[in-house]
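Each in structure tokens, the structures are laid out below.
You will see chain A twice below: alongside chain B first, and alongside chain C after that.
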Partner chain A sequence: MTDAEITVIGAGPSGMVAATTLSKVGYHVEIIEQRETLGGAIYRQPVESAMAGGPAAGSNARWKTIRNAFVKQAIPVRCGTVFLGIDGDGLVLIEDRRKGRVERLRRKGVVVAVGAVEKVYPRTGWHLPGVSTAGGLQVMMKETGRAPEGRVLLAGNGPLLIAVAAQMARLGNPPAALVEAGDPFGHMATGVALLKHPALLQEALLYLMDVYRSRIPWLRGAHVTSIEKEGPALLVRIERKGLEKRMSVDRIGLHDGIRCNDFGLPPETLSSKDAPVVVRAGDCREALGAIAAEADGARAAQRLANILSGSAEASGLDAAINRTRQAQDLLARLFAPIGNVSPLAICSDETILCRCEAKTVGDLRSLCQHLHPMTGREVKLNGRFAMGACQGRFCADNTASLMALMNADSADLPPRAEDLTGRRWPVRPVSIAALTAAANPNTEKPNNEVEQDDAS
Partner chain B sequence: MQPRLPSTAIVIGSGIVGASVAYFLARRGIAVRLIEAVSPAAEATGAADGAVSVASKKPGPMMQAALKGVALFGELADEGLLAGAFKRRSTFIVAASEDECAVLEAHASALAGAGVRVDTLDGKTLRARFCALSPGARMAIEVHGEGHAIGYQVVHRLLTAANVKVSRNTSVQELMLDTNGQRITKVTTSRGDARADIVVLAAGNGSAGLLGLRDILRPRKGQLLITERAPALNAAMPGAIMSGRYLLSKGSQTSAKAAPGRGLGLVIDPLVTGQFLIGGTREDFGDRSTNDIDAVSQILRDAVALVPGLASLRLLRSFAGVRTAVVDGLPLVGRIPGTENGFVATGFEGDGICLGPVMGKSIVQMICGEPTDVDLSVFDPSRFVLSGALQ
Partner chain C sequence: MSGQTFVWKGKDVPFRSGESIAAALEAAGVFSFGTDTFGQDFRYFCGIGACQGCLVRVDGLLREACLTVARPGMRVGSPEDGHD
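Our next item is the complex of A and B:
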């Protein structure tokens, strides 16, 4: 295993396809995965002893194809292992959480395939217990085979909300309501264009049928304006066409789309003397979903193989990826939020923006009240946004977008999430005990002897 | 000599030195324009350990300057400008071997001789005060009256209070002299020309190219670490810990454990947030602001050996910065040789946070023809023959 030439990070569809492709052309590949099972968020396998919630038949077939091809190559898999980054000397750093140690790997190539994360806009009360992401509820259902209990509200924007609602309905607890910022029925022409993507349309219709069969109220062109604690429950205020509706629920799943999970990741490096070639694959390169991720895993693997063997670079992205991108563009237009006001612009000053450091939208607004727009890094350092234990996963995007809104008339480029998060390792907090176990092998010996002396 | 007080000034560089110069100029009513290649505190100031300290200094001009520096931080905190941004605490230099004990005892008497309040703590007393320390700590000296300040916070306070215009992402290309070669008439930048009565260069390693000082100014990289919050362990530490070995590392002597050209010191500072700042390295090669696992794991190993409780925490961030060192170990502060209206203040290596404000104040006093808080004569740039890059 230590002889691997290439490490693939993330065992979702893109990572598994990339590893399979590279192994087939003769590279020694290993794959690391932070969870205990293969499949990634999309093909999340039930944890042992849980009842299988089961993915839809179509996706189940896709998963079997990916898994069988992967298993055939006998690629070493290390679960419970997290990618920390690539250090200044070009060493790939991973934390093996089972063994409790950080390892340093010298590699020719790295495929980063760490998927997507959900976007969630801040809203008053979104940090309260009982509020999670809709995708989080979905993963829970896949792992446990059970729907979340009590009255559940799903709110935000995009087709995933419908999928989660349908899955909850199938597992016996349909959500109390579905609050959607867009109105897909208001874009008939765009809807018709979906006919060009029959698989997608079929999946969407199946979910919609579940939603209608379970009589789940689907409030379109609506958004959650605030969440408050109300005894053991949550009081939600929903605004639609200027009217306010109130609901009392036990849980809320928020979701405003997905984005690349690229926080702090090393950039793609296509040639380097001392460091591995790094390519990104799947949703962490461009968030297009599972089907495109497979194609992109193969593309990234081919690209890496071409660079390593010195042959000409493969041209562009293949047709499957372009096609998915068109479909995703259609969906984005179909679900475009009603009204032109950014959900960030209407946040109250008291709204929590950074959960780790409990910084509010108002804190950011007062920090940015200077004559000259501050850079993302200054806002990070002086406002402590993106400085907490989540390292910006929750707030960097929203902070950068809010800054861009406030400095809309600035000549400078709008700040990006990356300006706040930076690109340093560790990309996730890492155990200091595990890091000390990674001390330089040359100096390890004398220290070990000292420890043995102390113990005896 | 300066014929009259300036009414306008250009300051190049908005690290802690440039920001301090700008603040003290603005406080006198002088209109300041700050030109910054990236953004405030983007380089060494934003990646500093924040020690406001004389503890590791040997008697001499740098110790005298550091004493003034610490005192000024106290004043600025008391008058409100740095209230909450300067944490007063002691520095404990800890010896873990017989060699270090000997070095420490000699160092303690040197500090005491210079008027610094120092206590020597034997092993037993030390562990009673400092229950987080490992039994391996044999003795320590407590250097009183020191503190910690985060460089970028100080810069933010100074710039906000001075209300100066900062031209971000603007790089200076040249300092243009008049026909006599004695006055800087304009500063050419990537965003047009700028003119002012005086120009103060505080651009760290960026100063080297503008003044032709590439042989005199050297980049010296340092790596630092930040842990997650650990309020209980943090509260169990009454001050910062510095390994006795740090005294060796500071003299650019390479410790046996480190790679060639790299000194490893150890400072563990309990921050007001409940986090710990752990550092660091002094590296004479390369100027990339990267962190490597060799240095990080070795620093953490040393830190855990001294404070075992750190092993149960998580590392949140690593970062690196590049200090500006002068070949003779003394900063450059004073008039740019041969010019009437050009000044430079750079080369503070690892002492920028401690010395930035007091040196900024002193050079403004010099510009205005007043006696300076810090005696600047030993820092006069004319001790080097400049290679004539000024045109």
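Our next item is the complex of A and C:
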């Protein structure tokens, strides 16, 4: 077996297309994937005997094309394996989670294709059991072929909520309600502009028809303000036009958009002098969704091949990516939240902001009351925000935005999520035992040890 | 149904081949996987291995319930259950 020259991280659409493209031009490629199956979150595969969770026909056809091209290249796949980072020696660190073993790989190139994460604004009680992201409910439906049981509320912002509602309806349990911060019907002109994107429009209309057919209440211009435990159920308070509505539900799916899962990733490199050459592909470069991810996988692969072979840099992003960006911009305008108040500004002081470290809005407020406003890094080091196991994936944006609101009169630049998270490996938590076990075999002895050996 | 089970805190939990621990626990009606040092519940949240909120102890090792495929006879418990 020939050792791989290039490791692709993540077997979603962008990673699979990148691996296929590189393999076709003659590189020895391998792909690592944290789960046991290919496809990523968007094409999460159903388990044995599960009813297909209702992916649209177009989506199914796209997946088959990606998979067939990938399978044809016979690319080695390491499943159950996570990417930890690139160490100071330029070695790629991965952990085989089944064996609990860390490996250090010498590679010419790395394609990082680790996708997106959902944005979730804090609301009192968002961290309780029974509350997940809406995307979390969706991937579970794809995996199990079952809708979440009981009374389910979907809440937040954006078209994904409608897709999840439609998929739940097809699997026999439509949500009790859909709470949407925006009001797409209030932007007819933007809606008309979607005619330029017929495939997207058709998909959206099919989902909307399912929502109407199942009589799912769609509360637009509304927000979930708090969630509390009420016996075995969850009591939800919903605010709409100044009025409060209460609902008792079993499960809640929250979603306020998606963003790049670029936390702690090594920077991209531009020259073959860097070893390994690192390029990003798909949603972790720019969160545009599945169709753009495919095109971006091919683009990233071409760019990496050009750098490695010393040929001229490929020109920018291709048309498919630009077109998807336009469509995403339209959707963002269509779903723009109603009202000018940030959902962060209305959180009570008890609301958990950083779940890993149990830090609240009130904790951040007391840090921000110092005479000299703290930087993102100081808030992390003094307040433990974004310091926990998720490494800021679900709190860094919210903490940075709330800091900006709390320090509104400061002359300093508003903090960014990256000021809190920093940029260092490991990208994922790993046991110290697994790390130290990997450090030894290929590491040269320090000089003083060699001298001691000589002297003895 | 394949009749396979793993052990969750001493009880048998059925699962289908390829199913994650999180999916099998959800089907069994288990929503809290234990509590962290602050008293907050470990629970299923993002479904993609990013939030670290669904950690469980699998045969002594901390693993994300949403990423880890269930296998017959596996011993699964709360993170605070410690090594065994």
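Structural remarks
By definition in this document, the second predicted complex is superposed on the first by the 428 of 456 C-alpha atoms of A that agree within 3 Å, B and C clash if a C-alpha of one lies under 4 Å from a C-alpha of the other, contacts with A are read in each partner's own complex, and residues count from 1 in each chain.
Just so we're on the same page, a contact is a pair of C-beta atoms (placed from the backbone, for glycine too) under 8 Å apart; a residue touches a chain by one contact, two chains touch by 3 or more.
Quick caveat: nothing in here was measured; it's all calculated off a predicted structure.
Looking at the shared chain after the overlay, A:139 reaches chain C, while chain B stays out of its contact range. Legend: residue contacts after superposition of the two complexes on their common chain; A:389 is shown touching both chain B and chain C.
More residues of chain A lie in touch with C than with the remaining chain of the pair chain B and chain C. Contact with neither chain B nor chain C is seen for A:293 once the two complexes are overlaid on the shared chain. In the superposition on chain A, A:429 makes contact with both chain B and chain C. Using the contact criterion defined above for the overlaid structures, shared-chain residue A:128 touches chain C, although it does not reach chain B. In the superposed pair of complexes, A:361 makes contact with neither chain B nor chain C. In the superposition on chain A, no contact is made by A:227 with either chain B or chain C. In the overlay built on the shared chain, the residue A:41 is in contact with chain C alone; chain B does not reach it. Residues common to the contacts of chain A with chain B and with chain C across the two structures: 389, 429, 431. Per the touch definition, chain B reaches chain A in the complex via residues 38-42, 46, 152-153, 156, 160, 165-166, 168-169, 227-228, 257, 288, 290-294, 296-298, 300-301, 303-304, 310-320.
Listing the residues of chain A that touch chain C in their complex gives 34-37, 41, 45, 47-50, 80, 82, 97, 100, 115, 117-118, 127-133, 135-140, 143-144, 146, 148, 261, 352, 355-358, 388-390, 393-394, 428-429, 431.
Across the interface of their complex, chain B is touched by residues 87-89, 91, 93, 102, 104, 370-372, 374-375, 377-378, 381-382, 389, 391, 412, 424-426, 429-433, 435-436, 438-440, 443, 447 of chain A. Against chain A, in their complex, chain C makes its touches with residues 1-2, 16-20, 22-23, 26-27, 31-32, 36, 38-41, 43-53, 55, 61-63, 66-69.
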